[in-house]
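Should a chain be cited, it is by its letter among A, B, C and D, assigned in written order, with residues numbered from 1 in that chain.
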């Protein structure tokens, strides 16, 4: 049984997302077993992962007395999962949770029933799952399942997993999950729970992150290490690509490798933008990696100027790196209004037109007459970059030089990131020179793909025959064929491109 | 995919139903095809059927532009489905709707996902259904469906129908619905819709009502005729027991009889209490039937007194009949507070203890020193009757005589009515005399079962070998075996009883 | 300090009142001293008085620990003042409360700051007051007060009283209240409280009601006796016209008569419509008075017919009286939908046009072919009467005879009742014959003014030289000159009329 | 008329402020005249001033058609004053607005009636005012006003101004405001409006800021220049200490000097923390001043270390200055969670105990083994500083050196800033050495008072005989006697201190 598009508007939302022209990670996931008040840990962990999804969040718990319980809400974790009234509905020592990004406006509207974790009651008991990533053959799977009598409740690709599990003849839930995930293509990190087990899985390429930590006598799984820090958990290790861990109170962590082995292709954009700077990836803080990207960029694309200013906040570590390498003083030439939210409900025309001015203001007295290097993490559609350039020139800057801490973003991501259609990506339709002219700046330089690989620790740069990372958004080389998209008409890169 | 018990409390409800000790009809249903703004008609129809269910309501519409749309809400129709903002989300010329009774408190809490209409997307398109009644083999069906991989979303018995339809190999939705309903046991009136059809079905015994009306060039289906009146529709006829009508814009009403023929057993309590007095049942207004019950009662159980007073509002027509037959003046000895609602959110101790005094007050100056006949429609647990008697005596009445417009309610209903467990029914554990003593009144008389049958138009009374109505709540004779209940330990009436 | 018209819309209300074309009492008041949890009693009392005002309510309490506390809310008492969370904010053994009628739409919108009780901090301590009635020189008083530096917070006439008290040089609050009320003209019943006293006052003519009761060791004041019943208080007596009672825990009830003596002119419409039928006025239940009005009407205006039907619910007692006197059977020919509320938020066009059909439905099967006497309490603008007549004829009635339990309402009330402007009153512009034609009924009769006086107990009818009641709405004879209205252009009745 | 403590809890708030141990500016003010949709400009200006007050905001407008209109709300400007539904209630070309800081928890709770702008209706018309600062003789004024019959509505000191205006015999509103403000002692910047005038005033010492800008053909007044930037207004000049400007559409800006001349004593803490870094004060961006403070601090208190890290976000500019001066690399050693709000509603125990960990996380991989200089703007109670030190050490830092960009905060502010009682200020009870020990850091240094004066542009440092700024929070020298506080027992600095 399910429901038609009784959407979020049904709850009187008519929100307009504030557009800051960034790629958006679509999810953060978290799970914990073996602690009292597991839901509190889940809430804290999800709060630390809020940058991975701000639209909605959910937590499912299990306790013998209360059975499975679930609370799912639109809005921030801090507004929904801190009150005693809500949290007392989520008892138990086992919990998983999920935060998701708003796709409102771009892809239609989300209903509360699209908010994870998802839950299914099977003949041997219930299970809940939370998924970060994207299933690239979800449309085909859904069609097949509906023909056989499954009734979908959400519009989410992730729901396929739970229906595949329902139809599996596996004797227990981990077996059913293995069987289901073997039918699934794409990128996924999953945390799941039964009445006694916490389960974590990464797809064979390990596109999306998932880490394991120890908290007291229990364990936690999280998208990033910053979610372990907040609950005082010790970071043990990353879950390996293609690994499934099944964690119980009795036996601790058991590791399985249900998938055919494959070479790892971790998402390089996690280093550039998605992950939080205080998270640890590959043994180093993401902050340090970004500072290194800035240093590399200063070497590749130097320019004479008075100030290095970040586009706040995502350009900050690279700007610091650029300043340290170039010796040009670092300064906050653009100030962010920290009371700016993510969306508006039914905004006036004037608010709609304000755009980035609501969030950023130029430090006029500082910038006037200066030659300014602006460091940003990426250029997507270029809309914000243009407005920032205008604000800077309007404040009287003598020169504006853009330096971008990633290569041109020319291809959409189909692995769990919200990207515009290809034709909306500035780099898909313009050369670097055309982009410079379009943005109207004195110079524009992107870091090279090899430079980026060096900065993330690959001393020899990218291995073109077998790239060490998923860099499809830059290179157009998709490690998993996006079959649903191809069915809808998406054209892969040709040999000529 | 479904969700665990994220219940209504998730939406911050903690309500205590105001107990007025009545049996509760669990649902009202409505459907309309071939009119502009069908949802507006549905809202009006459901408003007229609000007495059949006050907890929640929902409407589903279809239009080629907007596809299926759904709004489901807790609370009254008038508060949820009158605003332009909500109704503009429900475009189209085809709509069905549902109101349901609150079982909060008695059976646990309802979640919004338990609110109908239910919707399923099948390979040939979507369908929505709304169900009034109860499926007596729902537990068994559900177990079987889960074993085969169906994932239930609600705790409602009605959801079985949609899963049975999903698994059917029927080529179109009416065929699938026929197949599904043939597997279902119990009492049901159903309205359903596809993109082009409005469908209405009654179970073979016709336990719950369903009527057909004509509105402009279109048609409407409703639980009662009062819902046709409000939209200005002409009452055509009742849907027959075991009939399925399929209504389209092109072909009008097509009638099918998919079930094995059976003798009609309409719920006699619809005449006594459930239906609205201005609805037409069996060619006569329910008001007239109730007045006739009062006249019959006056003949069966006369008593010398000064005033005939109804227990408002359900006892009113019978009290008028009693007065007309007996010649004893009719008077409003008990005044109802019309601002009294159905539930409280987190009431104070004092409010909880007030009970019926919040709703009723005795007309002290009128009652003092008088011999009063109180006419009520039924006695369920007797809690309210006791309090009313105390209030009347406290106001100085000389004598109190209870006259009840139905036989003793000694058995629970399993066909879509909310009844207490058998041991809570006063008449299940006490003789009439014990009840009189328990209530502390000067006399207590119930109408006889034969008298009731006469009043509803069966001149010869009840045919014990083949009763004309379902009267299980009085007689303990269940026309459909309540198999789920028997599995849970319910004991049918023995030969000795 | 005050605020401009930050109105109720500020709180996102856009409501359209459901118009049932009645005069509206504007307030109910209640006070209690000497009981634990006085606020709970106040809430119950106000719930019983809800018919006197449904828009909003407020309660003020005093306890030595918590000082004065106040909660004021839009909506019904039962929705706002039953929850433990709210009531625990209102501790103490002394409380007063107020309910008010919605004037939304007709007079502009109400803000929460217009909701009583009002509170003022004076040099000798705080006081709260709640007022039922209308101050006929409020505009003049307000102008004077503003010129001297008083800042008004509300648009309410009642606020003058608290500013007059603030400026008084009286040594204690009862003295200040006496001084203030001597400057005030019009109709008023007031309950007030200080830290230790409960105070009740009626204007010299006693236009609006106020009664005194004993509850446990304490006392209660209320607009009507039905509010004493609900808390189990004993009705002691009415406060006399021109009397001020000051009640303390130590000394009990002290009676003062601060005003110049005058002959009582109680509002006769309280008998006809405003008061609840179970309240006691002049030693008799209001229900009995209304039944007597019906009997008087049957004598004055008999007609041959098949059924006497009330326009529910206000016409019911008079219809019963008419039936008893005439011998024509009483029947419920029109059924009220009890789930109909008072207002809509942003209704669709269709809902707006439905009007009375949302609330009333004709009992078609009963009415068809019958000659029907419809008894209503009054005709104001006649809009509802016309629609009811149409519904009745549409259902196939053979004849429709209107009988009205009050004389023609031809003049507005300026003493605390919401009446349309004079030109909107049907009886102000038409003769009885024209009205009959306008309404399109077979006959239309109003009770005579003398008949009404007889029914309320004045055996000799109205004393034209010195009427025993205020009947300005019928007679145009205003016992207190409506000076603010005259300043705005209202024309008193001329000798010629 | 006013109301007792019907507080914010009345609206079901039970919030716990998130404590980040900072002094809090209590208000930001804004006004605009001569533009269409003035309220939209006010909303944008207040959004830019949100850092000066996050609890609540209000806007008052005037238009000939709609008269004065007001909307006041708890919460952020962006959540309350961006929607078309709200803004269409605020028409006109003249508007003023106010944002206020939450004092919830520290001083009791705020009610909506404490939210400015305040409005008063005088005999010559209405006026609204918004006030930033604090009236040091408000208690005495209030007592006097109440004795004369004024009724206070709020608990705000600012309300005195409007009552003094109401009682003034001045012929027009600017005259009345002059008269009122001459009776008021303390620090105040005020914007006010009548139907035709926008008025701005600063107290004779000019403690709080107020600037004038030109926008199209109109004018704007704002607490800071960043509020002019967002609406595209040109910054003209600061309003002078003791100046009153009256701005009309016809005559433009008229300047008055109603007060006795005095030497300016602008709040030096505006430079340190309150003002936004992109605002211009004294001809220089606040960011540059703070960078200069950091440089000065590096000169006064050098230390050998590996990294200079700010305590985000307020320590950032000074940390950059310290790094630039010292040559020690700047790095983000502490990462702020940008989804952290200001308060919680009814938090769980665990959330309450998390404190700063919810907002800040140490960049563990970066900090490990490093000698770290932490730069913060101030130390108030020291609670947050201790927790940050613990987090840093816990992450494995080798050494922690605190450098503070202001002198020890040893005295409360009585001029519109929320400060703890003196005994809660760490510097009021401990020497610098005791504080270092209390915080448990390797070294702790504050900038000297002279160093701070040099950094803000006073080359010779502080003039002890006649200080150029108000620095009472550091020096205990109060330029205006805090008379209400002295009445309550506050002890001024003795000669010995």
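To be clear about the criterion, a contact is a pair of C-beta atoms (placed from the backbone, for glycine too) under 8 Å apart; a residue touches a chain by one contact, two chains touch by 3 or more.
Please read these numbers as outputs of a predicted model, since none were measured by experiment.
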**Prompt:** How short can a path of touching chains from chain A to chain C be, counted in steps?
**Reply:** 2
**Item:** Computed distance of Cα centres, chain B from chain A, in Å
**Value:** 50
**Asked** CA centre of chain A versus CA centre of chain D: separation in Å?
**Response** 37
**Message:** Give the residues of chain B touching no fewer than two other chains, as numbers and ranges.
**Reply:** 85
**Item:** Which chain pairs touch, all of them
**Value:** A-B, A-D, B-C, C-D
**Message:** Touching residues of chain D toward chain A in the complex: what are they?
**Reply:** 37, 40, 43-44, 47-48, 50-51, 54, 76-79, 82-85, 87, 226, 229-230, 276-278, 280, 283-285, 287-288, 291, 313, 316-317, 320, 324, 329-332, 335, 337-341, 344-351, 354, 357-358, 361-366
**Request:** Over in the complex, which chain D residues touch chain C? Could you list them?
**Result:** 1-6, 9-10, 12, 60, 67-72, 85, 89, 113, 118-123, 126, 128, 146-154, 159, 162-163, 166-168
